[in-house]
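Have a look at the structure that comes next, please.
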Amino acid sequence: MSFHAKRRHFVAGHIDRRQFLAGCSATLALGLARPALSQQQRLRMIFWGSQTRAERTYAAADLYMKAHPGTGVDGEFLGWNDYWAKLATQTAGGNAPDIIQMDYRYIVEYAGRGAIAPLDDFVGSTLNVADFDPLQVDSGKVDGKLYGISLGANSVAMMVNKAVFEQLKLPLPDAKTTWEDFSKLAAEITDAGIRRGFYGAADGSKNEQIFENYLRQRGKALYTADGQIAFDAADVAEWFDMWAKLREAGAVPPGDIQELDQQNIDTSLLTQNKVAVAYANSNELVGYRKLNKDPVVLANFPRLTAESKGGHYRKPAMLFSVFAKSPNQKAAAEFISYFVNDLEAAKVLGTERGIPESSKVRDALSGTLDETGKAMLAYVSGLGDLAAKLPPSPPKAAGEVLIAFQRTASGVAFGSQSSSDAAQAFVTEAAEILKRKT
Amino acid sequence: MTIDARPKPGSLEAEQAERRPLWRSLLIHAALIAMCFVMIYPLLWMVSASVRPQDEIFSSASLIPSAIDWGAYWRGWNGLRVSFGTFFLNSFVIAALAVIGNVLACSLTAFAFARLEFFGKRFWFAIMLVTLMLPYQVTLIPQYVLFLKLGWVDTILPLVVPKFLAADAFFIFLMVQFFRGIPRELDEAAMMDGCSAWRIYWKIMLPLSTPVLATAAVFTFIWTWDDFFGPLIYLNDMRQYTVMLGLRTFTDSTGESDFGGLFAMSVASLVPIFLLFLVFQRLLIEGIATTGIKR
Amino acid sequence: MTEAAQPTLAAGGESVGRASGWSRFAEGSGPGYLFLTPWLIGLFCFTLGPIVYSFYLSFTRFDLLTAPDWVGLENYRRILTEDPKFLASMRVTFLYVLFSVPLKLAFALAVAMLLNKGIKGLTLYRALFYLPSLLGASVAIAILWRAIFSADGLINQLLWSLFGINGPSWITNPKYALWTLVALGVWQFGSPMIIFLAGLRQIPQDMYEAASLDGASAWRQFWKITLPLLTPIVFFNVIIQTIEAFKSFTPAFIISGGLGGPVNSTLFYALYLYQEAFSFFRMGYASALAWILLVIISVFTAISFLSSRYWVHYDD
């Protein structure tokens, strides 16, 4: 029962009781003691991430509190998988934190259902996005209203094990590489047989981001502006065929090996040392470098032909949104504004959440970045004609379509369906999912 | 009955053991040891993962690390603003309260179901079983809203109070089954002597049920300790986090993770419950043998 | 002794035709309800409300973020007539129940019997055998299970060095993935084992001594004494493990990364339900799924209770 201390009182009394209980006062006092002002306005913030991100975020919040003595910020963080169940529960209970870290895909779900607040009214006064590229501001818009502020840009990228390429004296993939070149490179690596069960590249057939990149180079997209699929069965069939050929050539691993990769850093076949190239987002380079012994570098996705372009785009790696029922919306907007603009805050945040959107922040940071930060910045700003503008935000059921896509692609990889049958079935299923009302 | 198999000269056990050929004893032990390896392998692997270089955890299949660095333990323990000591304390308090609540409340309820007659007994028993059957995923949100209205969110109350109200039907059912195994002659005799239901529960049932009560206590402790979803939903403040919640802060599938710290603290989190199990299993196993029911 | 054990009527343990002293005690429901009070308070305050509410939600469209909309039987109609994932997850779940429960219980009972004997180092063996169950279902288990059952995992290394067989990647092959989860379930056999052990300890030793003197073999003692007297505990373990297996969620969730892959081969029912509720924002639909599962589990439980009078022997 002694642990039942209301959040507001907790600052002073609670700690004392715990210290008494635990006798571990030293650790508790460290970094926890916040000014106990009863009239203080307290903002709650929730984000996904791990300890590194939490450390940086708390440090930025501390700076904010120093600059704004009337406001306190309580941050809570969780891993990606746990995050969404908790956020949904809190939102359903009307008890979500004021500031919510949002994902580009989920923002439509939350905005479309009125769970997060439009921020348009704060722009210009409380919320400063003047130094953002206007196109990147739009990345937080749903149905014309601004629901999220990008915390950093990234783009999809290939993670390349540089050591393997150097050892085999092969050229690293670059801005000119086509899928054909890439397939040959990958097959050569496999053939070189560096170790048992080592392949040139991961199988990307179930990776929706590469598929989108591929579609965009063909002048298509994943979704139309009104939330329908913007490709047809022929596109999907060719896509599956392309990967089937790579699989046959041994350039990518067979289905059951590829399936070990759950599209995150620790299960990636690159991290497991089974392939030389894997696919991810540019801001994940930090994580990849930490878990890989060999040096990892970034490369763009290959072109379809030497002329095709515009597959990539810069997207928000994550955004901050404000809970629709928050009584502190203005203060929350003010905090977000500080978070993305303040140069002191930028120094502690670095490029951990992606490349900052504000040009001023970017300039101020460029000198202080470490090698990894510089590599990410160079990659995202150096995409050139490979990048084009942001696609319309995906429709609400996009998450479900994605799962159907992954399941279909796996089925093809395991040989249980032909490319064309699978493509047809998937297009039908996707259309049904998007049509479904209940 | 003795636990030690070493034959004491001249005793009955000695005769039995002599009759059991040596090769059979060896075979039993060989089988047990082989099984133990299968059981303990994960622990060895976790310890090895906690001391090896992080870039080796996912790419090496060997149990033996290339280099040993215990730094992950220190890093894991102190890596957050709140140390793991606090998480351990929180977990301990919640689990201990849950044990008290479960043992008291569930044994009361189980006694009623096993030994007392009352109107609607079958109906209530069926309801109790039904509460076991519905997946928690769909009652989560109404329950959250309920606790929110009570002002209990962000406290440990939602994790503890229901235990004092016998919300864990598993243990009620378990105790019912064991209570029914206790010879009824005992309480009937007590009844003849004019004992109240309460005295029978307190003076006869509970003392004779040490194994099942200890089982319930140990399971409650371990499961509460291992529970992650309840704390995840109801605790917001890191200073209230439990060990399992703390473990979740090491990894994020989309960013930078500290797997060394995760495994180090996973090993550490096993120590208290393993010790508890070692200590309490005597109670669990020896209860009835020592009280020696004869009929 | 077994002959003396009276089979009783189904649920709850009513006693049949007992001595007058007992019925005097049983007079009136007062004491019963007094003992039941804490549980009844909990039931009405915390448990029943959410259960009833989820039943209501099963007739609505509820996206978690806005208020529920009444849709009548639409969710049930859709599940039962046009939902391929419902069928797929049912199949996976039934297979899992069918194989993991008997295997786990047989294993648990066998080890409990073994550990109930006088063997040196018993304490340590018991604790070690419980170890996997202590680990619960953590991130560490997920990573470990992959390390064991993947292409170059422990199993395949053994197969290769012992038999020269090049095994598949068990955990990510749609044909075998479910079986690795069955293996995980069986491996964590600690809880039923402990419960069996406690049950074995409740059997009076003098019965065995008497049987030994009569020259009954160990095998005969098991069938004539141990098993009959253990039936209430076997019954408990069967019911509980089956319910748990039907609701099984965490192993598949952590090992398949929450998706039930590859190709839905580990899409457990509860995992599908969770996806619907929290990934696709269809809590109403998920609630309907949950109530269908409840019906299935209660049919199974009712059958077990009805059959129990023929094989479960209580001592009361």
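We just call them A, B and C in the order they show up, numbering each chain from 1.
Here, a contact is a pair of C-beta atoms (placed from the backbone, for glycine too) under 8 Å apart; a residue touches a chain by one contact, two chains touch by 3 or more.
Here the structure is a predicted model, which is why all the values come from computation and not from measurement.
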Comparing centres built from CA atoms, which chain ends up most distant from chain C?
-> A
Which interface, named by its two chains, has the most contact pairs?
-> B-C
Roughly how many whole angstrom separate the Cα centroids of chain A and chain B?
-> 38
Which whole number of Å gives the spacing of the CA centres of chain B and chain C?
-> 16
Using mean C-alpha positions as chain centres, tell me how far chain A is from chain C in Å, no decimals.
-> 38
In chain C, residues with contacts to at least two other chains = 64, 143, 152, 257, 278, 283
Where chain B touches two or more other chains at once, the residues are 57-58, 141, 248, 251, 253
Two or more other chains are touched by the chain A residues 81, 85, 92, 262, 264, 266-267
Can you list the chain C residues touching chain B in their complex?
-> 10-15, 18-19, 21-26, 28-36, 38-43, 45-47, 49-51, 53-54, 57, 64, 111, 114, 117-120, 122-123, 125-136, 138-141, 143-144, 147, 152-154, 157, 187, 191, 194-195, 197-199, 201-202, 204-206, 229, 232-233, 235-236, 239-240, 243, 247, 249, 257, 270, 273-274, 277-278, 283, 286-287, 290-291, 293-294, 297-298, 301, 314-316
Parts of chain C lying in touch with chain A, wherever the complex brings them together = 61, 63-66, 71, 74-75, 78, 143, 146, 150-152, 168-169, 171-174, 256-259, 261-264, 275, 278-285
Considering the complex alone, what residue numbers of chain A touch chain B?
-> 3-7, 10, 14-15, 18, 21-22, 24, 27-28, 30-32, 44, 48-54, 58, 74, 76-82, 85-86, 89-90, 92-95, 262, 264-267, 271-273, 281, 284, 286-287, 290-293, 352
Note: in the complex, chain B contacts chain A through residues 53-59, 78-83, 85-86, 89-90, 93, 140-141, 144-145, 148, 151, 153-157, 232-233, 236-240, 248-259, 261
Could you pull out which chain B residues touch chain C in their complex?
-> 1-6, 13, 28-29, 32, 35-36, 38-43, 45-46, 49, 57-58, 61, 105, 108-109, 111-122, 124-135, 137-139, 141-143, 146, 161-162, 164-167, 170, 172-174, 176-178, 180-184, 188, 191-192, 196-198, 201, 211-212, 214-215, 218-219, 222-223, 226, 228, 244, 247-248, 251, 253, 262-263, 266, 270, 273-274, 277-278, 281-282, 284-289, 293-295
